[in-house]
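The structures come next, written out as structure tokens.
Both complexes below contain chain A, partnered by chain B and then by chain C.
For the complex of A and B:
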């Protein structure tokens, strides 16, 4: 087992390195950071632009390979290079990971918990009205892309606020910088979280509820649940202790994956509700021709996906004895 | 005949029936609708900017006086074509790569699966977003290829693992001993036996591609102007959605309906082709 894990780890490091290098090459050969300095008023002399770009390792007059070597040797020591305007990519990444975490932590957990609860409930009530409502509801929600859902929520809130005459629910940004004091600020932050959390978790709820319902139905038909009830356990105990626990395995592995990729951010939700997290950075860095940031995002995303996949595999092995044997 | 049985089961399935009816209706609307409307999608009515839906402009007009009805249907045509083509490429790729990797095994299998892993790790959104705006001059078909390249990987893994067990079946072994070339065995004996998986995968890929196109176009990384798709229209409409809701509501509503109908068909197909599964 230990050797297998080590081999897999080595393999993953290679994959991340290749993915990041490919992203860097792609960005460095197609993007044009020079454009942000040209055409300014008053015009900046070419030599100055060249010197600045050289400093940031972004000059398109330097051969790509030379830039790549400088970038890669920096990354190995933990230095992700400079943004197009000279700021440190590493610092920016740290700040944005924090923002994404604050945005996604609640949404990810709420989505999982509610999804599993709804799925399990509708499995127990199979073919009853509530099961059908939940089924149709999750089917419809899964057909609505995040950006449509988020925009609809924003419109609805705008109209609600206008109808009320004051801002009940906030819909842009992370917090209002004018608010001071611990409790008001916390309240303000939570208020800003409402809409993005809804738009993030609705999809997750629909997704988990479908998986959980199917798994639960599988388990409910099995002998050990019947045995548990025959032994005199109350229906509620049998369902919770024996059925739900077994049926949680697939949802839990998806959850582990979602939890690991949480740091990567939620591009659409962050952009639409104006949170400056990792997901929004993906779009911003491309639009700003910011080569080093693009490469950093690619590297970080690849690493997160592999770690998340790894954790979810470990979790399956921990939860399901059958996997461990084979 | 199996195909008859499947068709019969599918027609009996209420989900699939509604999905089919809705999908055919949407396709008809997209391709026949423009002939019914009073305006062409390239027309600009300089006397009416941002007019709400009404008698003359059924679904209202845009900031530069384009007719929303004609524009939205034009966008839906493009979205449907993109979805259908992308899914076709992606599913074909998945079937071929997965079957070859599973059948040959050894270093071919390792190399192909390593490629699959690499593509899974590369942030597809980022790569497509960097490349596709630079394809401005060339055709939108390149965009379809790009989307497809990043959709097929997971299915090909499933195909591979199913091929591993199909390889040992008697009829495949018999074909081997009759001296049939290997590529022919893969195409004639293995891939057809995966058809139910591939058909279901194809359907779900169509709705995935429709959403993917719209998502990329939302940030201007997809279909480039002057061409329109549901994604570009939604992006444009979302910016003005609070004041002029019809700019957002029609393309977004049609997108959701389109995806929903395709998903319904996919689900119904799964029940009809693969009664044992319940996922």
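For the complex of A and C:
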């Protein structure tokens, strides 16, 4: 089993490299960092622009393969290159990665846990009112794009705060720089987390709840749940210990997919709630024709998704003895 | 002695007015075995689930279920869970799905212990190992750490029994405990159940459709039909002196492994739908003794002398005239084809297999696959079938029967050996000849539900092979075929879901016959059907063979059906043929220890014989075909091998036996170095008369 996981890990590393390279190629061939310098008043001489761009490894006059080789050899040693204006991509990433990971991590956990719980509950209460409400609710949530959802949440909170006369829930930024002290700051940060987390995880909750409901319904009709009750377990215990535990296995395989969707959501969420994370950076760097930053974000995303895939392999192996053996 | 369980006038209704159980009453005392017999849909399983309180919540249950005088119906969950698994335990049919796949067997057993006994984790785990040991699982301490999928079917059922007796219950309810198992394993499990009963002294409710299983186990029998008991009494009374036409028909319709040849007695028609029950006796539409009064009112279950109850208005008359199923039910007359009187040597050979081999590679690895072994699915088998003959291929699951069929049906060059169909070698066929040959070689599948496209009307299903071979006008032919298999010509417009299991199998047969084949391959054609339906389909197959001069290759695990339908039989074990010969020779004088064990494992629907019979029990499970034992493949489980001297054994270990014709017999050979004919089944009375 350990060897199997190691092999999967090695394969994931290769996949990350391929994904990041493709993303770099795409960014380097379609984006035009030169434009940022050309339109200036007073005009900058072409030689100066060329030199600057050469410095940053952004010159479109250099063949793309040559630029790629320089970028890639940098990345291998931990140097992610320069931003369009010369700043270090690595440093920028260091600042932003924690912000995004915090959002994504909490969003994933909340989404998975609540989604599975809701799905399992609605399967047990199949065709009852609560099941129908959860079902309709999930489809509505899945139908609303994240940026609409986030904006609606922000507006609703703004109105709530105004109605209350004080700021109950924060709706912009990561924390309030005026707050000092450990506990007040932690509390403040958590408060700022509420809205982005909700807007990120709602989609995941809806997604997981649908999957989990189906899986759970498959399992509920199975004989082993009946056996568990025939042994003398209460229905609730039998459902929790035997049915849900078994029905979790397929959901765990969706972990990687959901994470990808979640990152797409994060770009909007960060933008709307003014968080300076990787998602917001991606949008900004595309606007600024910032090839190296785009490539760095793509690398980060690829790594995250494949780590999620690896975790879902681990989860499945942990949950399912039938997988563990072979 | 006061009964443990008293069920009174139990009824179960599902939404939509489906009356699954309509007034069941019975009692079980300590140490007593009550058999509940009925076909699918008769309400026998629902009855026991109602007793356990395990029905879905939308089921409406009324009546009374008393355990030691305490009412269980309407008891709240908190009290009921103290009864379930403690005072009453249940053993379910399919042991694969009855265990939670993600916990070890030991854990699941320990859980059952800990629910009802205040013991620590270690003590419960120890108890689990003891229980596994009790039900005869080798190396229980190691096996307790295995997961359900690592157990074979028979081992899982043993573990299931261990779990059921974990808390020393007063009552065991067994719901078709051996239906999913092979006969030799079934015999083992029934032994374990008897041990479990001795160990706990519990009363047993044994639910089954197999009249043979009940005959050997039960003290009393209750026969259910359409949600109601129709006859109840001591086991001998029910089997030897049935008083209700349904019971009589059921007993007459089962093919017997010791029985005479000739047509079976079918019960016409189908069991009524629980949604749409007739007003009178539910069996009246199928009953040959029906009188007008039967349709007016449903007869109640009344006592007729002693402990017996019968629900039939003509039961007195039946008793008076001492009628049996054979007297009451019309027995069809089946013609035999003239070819069957021609000696075997003079008939043409339709199928010949010579040393057929099919090995599957065992692969490992996700990306870079590598071969880690070979599954010896079929490992050198030879037999032939002549015109107008039925050869049965029997054996337990995993012995290679199905692979053999696939190899024949594919008409491709085999890995090794030869397949000759109607004189044409399958390795020398071109595309056109292969397609033409398929006309003469057709198949009927096991599961009639899965083998018919639910979205095609029956006429299209039957016409499909005709169209595939370029016939344009199929209507007349389809009508003719429908009538040939005993359906009405107007049935063509309906869809498969409108037909019952037996009727669907008839449609499958009609489709196979559409191209007028010479050889029909039958893959377990009746094993998915109820007993009373089965007889009709078997008769149909026999009749068709006589009328159309067909040859059958018949694959089955039910040796009683085989005895009835086949002329010759080949017994397979782990990809090899163990014994081959005419049915009468093989059944009456089996020479291979495996055949002997197989035959002795079949339960007979005859309580007296079951009680006096000595079984040859096989130990363990079928070895993996990926790693068959050296020499004789059967030696690891062979009861004879155990009795041989050290010197004699060497030959079994080193030399693989081949099928050798027995000296004193015509058409009979066995693959055993020490073959010795013995009689396993005592011939039944009616056979001796012949």
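By definition in this document, the second predicted complex is superposed on the first by the 264 of 326 C-alpha atoms of A that agree within 3 Å, B and C clash if a C-alpha of one lies under 4 Å from a C-alpha of the other, contacts with A are read in each partner's own complex, and residues count from 1 in each chain.
Criterion: a residue touches a chain if its C-beta (ideal position, glycine included) is under 8 Å from a C-beta of that chain, and two chains touch if they have at least 3 such contacts.
This one's a predicted model, so the numbers in the text were calculated from it and none came from an experiment.
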First, second, both or neither for A:61, with chain B first and chain C second: neither
Partner chain in contact with A:242 - chain B first, chain C second, else both or neither: second
First, second, both or neither for A:232, with chain B first and chain C second: second
First, second, both or neither for A:40, with chain B first and chain C second: neither
Which of chain B and chain C A:222 touches, first, second, both or neither: second
Larger contact residue set on chain A - chain B or chain C: B
First, second, both or neither for A:3, with chain B first and chain C second: neither
Chain C-contacting residues of chain A that also contact chain B: none
Residue ranges of chain A touching chain C (in the complex, touch as defined): 4, 7, 11, 222-224, 226-235, 242, 245-246, 249, 319-322, 325
For the chain C and chain A complex, residues of the former touching the latter: 49, 52, 54, 77-78, 81-86, 89-90, 92-94, 97-104, 111-112, 115-116, 147, 149-150, 160, 163, 167, 366-367
Complex interface listing, chain A residues touching chain B: 15-16, 18-19, 22-23, 26-27, 30-31, 139-140, 142-145, 147-148, 151-152, 154-155, 158-159, 211, 214, 217-218, 267-268, 271-272, 282-283, 286-287, 294, 297-298, 301-302, 305-306
Chain A partner contacts - residues on chain B that touch it in the complex: 117-118, 120-123, 125-127, 129-131, 134, 207, 211, 214-215, 218-219, 221, 234, 238, 241-242, 245, 248, 252, 255-256, 259-260, 263-264, 267, 278-279
